[in-house]
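Two complexes follow with subunit A in common, the first pairing it with subunit B and the second with subunit C.
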Partner chain A sequence: MGASTGRLGLWVSGCIVALVILAGLAAPMIPYDPVADVNLDGALAPPSGDHLFGTDAQGRDVAMRLLKGTEAFFLPGLMAAALATLFGAVAGAVAGYFQGPIRSAVLGVLQLLDTLPRLVFIILVCTILNPSILLIAFVAAILFIPANATVIRRKVEALASEDYILAHVAHGFRPARILVYHILWLQCRPLLIRQAMYVFGYVLFVETALAYLGDYGVQEPAPSWGNMVAQAKELFGIGAWPWLFPAVAIVITIASFLAFGNLVARRAEETR
Partner chain B sequence: MNRVTGLLLVALRRAAAGLLLLVGASFIIYVTIRSAPGDAVDAITPMGTPDDLKQKLAAEFGLDRDPLSGYVTWLGRSATGDFGESLVVAAGEPVMAVAGPAFVKTLALAGVSLLAAGLLALLGAMLLGDPSARQQWLTGPLYFGTAAPSYVVAVLFTQGMNWFVHAFVEQGGYETPVWYPIPIASDSAMPYVFAGLVLLAGDGLYMDYLNTVRAELNALRNAQFIAAVRAKGAGVVRHIARNLVVPFVSAFASRLPIVLGGAVIVEYVFTLEGAGYLLLEAARERDFPVVVGLSVLFTVTIIAVGLLADVVRAIVDPREVARGG
Partner chain C sequence: MSANLLEIRDLVIEFDTPTGRRRVVDGVTLELAEGEVLGILGESGSGKTMTTLSVLGLVAGRPGIVGGEIRLHDGTSTHALLEALPTVLRRRDDGPVRKDDRRWQRLVHRRMRPLWGRVATAVFQNPRQSLDPLMSIGEQLTESVRVAEPTLAKTEVRRRALEWLERVHMNDPARVFASYPHELSGGMCQRAMIAIALACQPRLLIADEPTTGLDSTVRAEIVALFRELMADRRRSMLYISHDIREVLHLADRVIVMRHGRVLETASSAALRDGIGTRAEYTASLLAASGLAVGQGDAA
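Here is the complex of A and B:
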């Protein structure tokens, strides 16, 4: 990829990522009462000056609900990204650096988690436990650990035989210090950022998919991008706006998180 | 050691590992069941389940014992294919009698879509060739292709079809629901074709596949041994094809869980009565023997396909056998 395309992509996706994060941070501070917002006379209005993105079937402002809907996935996504990246990094580093029974044990556990069918398992958990969005994000994070660990393990395996790491070993640095500082912190940061972005995107996907499939997660009248899309699809033939805006927001957000993560990692690879 | 015994050893070792994984995965599923709050049977059965049925369920799932011996009881029953009886969805029927046929449908849908995605990815990779400056503008749009969840693709697709139907077909006295593009007939194969297409494009399956195959193909094209083959004047297609099998099979196996998840979504969207549709219905009605039975079936499939992929890799690539699998 050429430098200019990469830089443009990095800027565009980075701005969208920043915008989503800003919305997620700002949303809890904005007062919004979904019940008071109902205005059946003004239902399914197209975008206008009053309602930037139009109104939904109950006359509620779609733009406002989009903004408030970020609350549904922002903190859970952040938590899941942190959890899956942290545990994935530790497991991957241990499996990549050590030999023998430790490595086999960690690889076994990772492989075990990897055999669980992600969406199906999340639905199973939703059936048995009370499915709050935080719990769903937590399960998603655990199911994402193997994917993150594999990426880090490959990198660590490649680095572990490099001369300068061997020099650290020869100097008698503790393995924990070499792994955490010299390998994970100094060498794997872009990869960790990329994986965290993937997990965040996956949480948004799961939140919206579960809302679409069976009213799991955030319940009406509180808005979430998932329940907005799920409700509006029935009315597609009458008014497409309330479906289109959240759907586009979902696709653009997931795409930007994927792209930003990939481009950060690729740039780090190129400038080494 | 000759090649066949080597292969058999690899297969045996993989089968043992697969069995171990199955035990571990089923334990995770069982622990999930046991983590239900309060009285486990109350928490997982629908309201108004009679007491004698509750007791029977508790015995079947070992909920009346400590977790470990309960797990052994449940595993013993499950190993013989007995997952108890459905509570709501097909009340009184054995879970496997309901879930089995539905699961076969889902497996066919997911398998065919995944295979089609792989072949189309190969075709696309051959057509696109080397990533060149000419194609750089493609990168951005491709991300949107990768990011579109299958339920978004499904609605876009059905609406596209709907407009088409309204414009060209409706004069023939053909009526459909607003959001559904095709006549709902149980014996028609068309819904499956549409679902397969959405599955192929949704959740970034095709784009992701295309990127993988393209990277592999380019790495092979530029590999030294291919240059050597070319220099000797032999055909390179056979050598490239053979070396593509390993990444292709790996890609197939590693994407199966994603496609099975996608199948749940498209079956819901197109009301196809496969395992995903059944799973959601059972989850909604709190018919937990069916949910658990289906979860086990999905997990078994993923493990079995992983095993099969390993064996195929070992057959194609002698290095796998030499390494001892």
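Here is the complex of A and C:
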């Protein structure tokens, strides 16, 4: 991929990421009553001036529900990304930089977590506990820690033998500072951003998958992109507008988060 | 000999290779006086770098140091760096010495932590790779200044850092302060590296082939800079090189190493003026550089 396509991709994906974040921040401030929005006479209307993305089977505005639907994954995704990245970074750094029993213990726990198939485990948790989307995101975060830790551990191990890290050691810089500032903050930041983006995208994916598979996560009448797409099951062959827009939004959002994370990390690697 | 800053006795370093155990340093003994510049001369593979890295506890590879003593005298206190070595070694009647590498690494780190920077530090070869690519020269330099004086105020730290850049003859210290390694030439990087190492104010500076990979004119400048910085003899230096002219120009005394052993020790003056009897290898080095051989065994 050329530098210009990379730059364009970075801009496009960056704008979409910014838009989703903006929507996620704005949504809680916009008043919306899903019950009052029901208007059976105007059901399944195509996009128009009144209803930008049309209406669903109960005549509710798809655009509005799309915006309010970001609430379903925004905060959980943010929390999961932060948790998985933070703990992944700490675990990866410890496993990569230190020797001895602590390293072995951390690696053991990570390996154990890594054996759990993510989606299957989350569905299992859902069937047993029927938890809130926040708890589902929390479980997703924990399941993502090993992947994040592995990425960071590899990087830390590669860096530990670099001449300049040896020089930092020889000059008497504090080991904690070398690890946290020089290695994690300066060198691993792009990787951490990438991993956080992955986790965020994954939470949206999980929310969608759960809503589609069964009555997990965010429940009607509260909107979520997942339960909007799930309407397709009943509306197949009747009307496409209610689920087409959320489906497109999901694909574009996840793709943009992954692409943005990848491009940020690649750019950092290239400019080094 | 209380005026010695560093004493190495019978140092043995071994590495496991695919073809078996190899001894890279084989019973090296040397002394470095307070304020002295000791040149270590040898071809690659002679064990000169490993000998000096062992002083900093930075020998990578297994098993590494398996025997000997290293003493660093830091003013009033003496640090026996290899004191704990026997506790991690297991010697069987047959076969090579075995070593608990992890425990040794931990012990080394605990012992060296207060000594790194403040007592001893190093300037490595490949200046570009020895500088953090994501930090400006100024940032790296201020960290070193803080190693020496942790309580210094921020503006004062910056002033000192700029002072160090002047001391290594940077033309535009303010610009270099804000520059990243990739924006500087190899020679400037090495000057910056020297400033960063010296800003820690170590009693012992180890220079491990600091001119390797630099242009010949730049090499001469770096050697001249070392000579100038060491002129007041406020610290000691181990200067490692395979270039006999550099070593003779800088050092008070020279140790010649080959195959992990010290072949001979001589004063620079004696080597320069061809006084005394030389080992065959030293004589060949001198002859190759067009210097007087003296009464070499080879002559």
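Going forward, the second predicted complex is superposed on the first by the 270 of 272 C-alpha atoms of A that agree within 3 Å, B and C clash if a C-alpha of one lies under 4 Å from a C-alpha of the other, contacts with A are read in each partner's own complex, and residues count from 1 in each chain.
Here is the rule we use: a contact is a pair of C-beta atoms (placed from the backbone, for glycine too) under 8 Å apart; a residue touches a chain by one contact, two chains touch by 3 or more.
Keep in mind that this is a model prediction, so the values were computed, not measured.
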item: Joint occupancy of subunit A by subunit B and subunit C, clash or fit; value: fit
item: Per-residue contact with subunit A, leading partner among subunit C and subunit B; value: B
item: Which superposed partner A:Ser48 touches (first subunit B, second subunit C, both, neither); value: neither
item: Subunit B versus subunit C as contact partner of A:Gln111, first or second or both or neither; value: first
item: Subunit B versus subunit C as contact partner of A:Ala167, first or second or both or neither; value: second
item: Subunit B versus subunit C as contact partner of A:Gln219, first or second or both or neither; value: neither
item: After fitting on chain A: smallest Cα gap, subunit B-subunit C, Å; value: 10
item: Partner subunit A, residues of subunit C touching it in the complex; value: 56, 58, 60, 102, 105-106, 109, 113, 115-118, 120-122, 124, 126, 129-135, 143-144, 147, 193, 196-197, 200
item: Residues on subunit A engaged by subunit B in the complex (per definition of touch); value: 1-2, 5, 9, 12-13, 108, 111-112, 115-121, 123-130, 201, 205, 208-209, 212-214, 229, 233-234, 236-238, 240, 243, 247, 250-252, 254-256, 258-259
item: Subunit A to subunit C touching residues, read off their complex; value: 99-100, 161-164, 166-173, 175, 182, 186-187, 272
item: Subunit A-touching residues of subunit B, taken from the complex the two chains share; value: 20-21, 24-25, 28-29, 32-33, 35-37, 43-44, 131, 133, 136-137, 139-140, 143-144, 146-149, 151-152, 155, 159, 162, 178-179, 203, 257-258, 260-261, 264-265, 268, 279-280, 282-284, 286, 288, 291-292, 294-295, 298-299, 302-303, 306
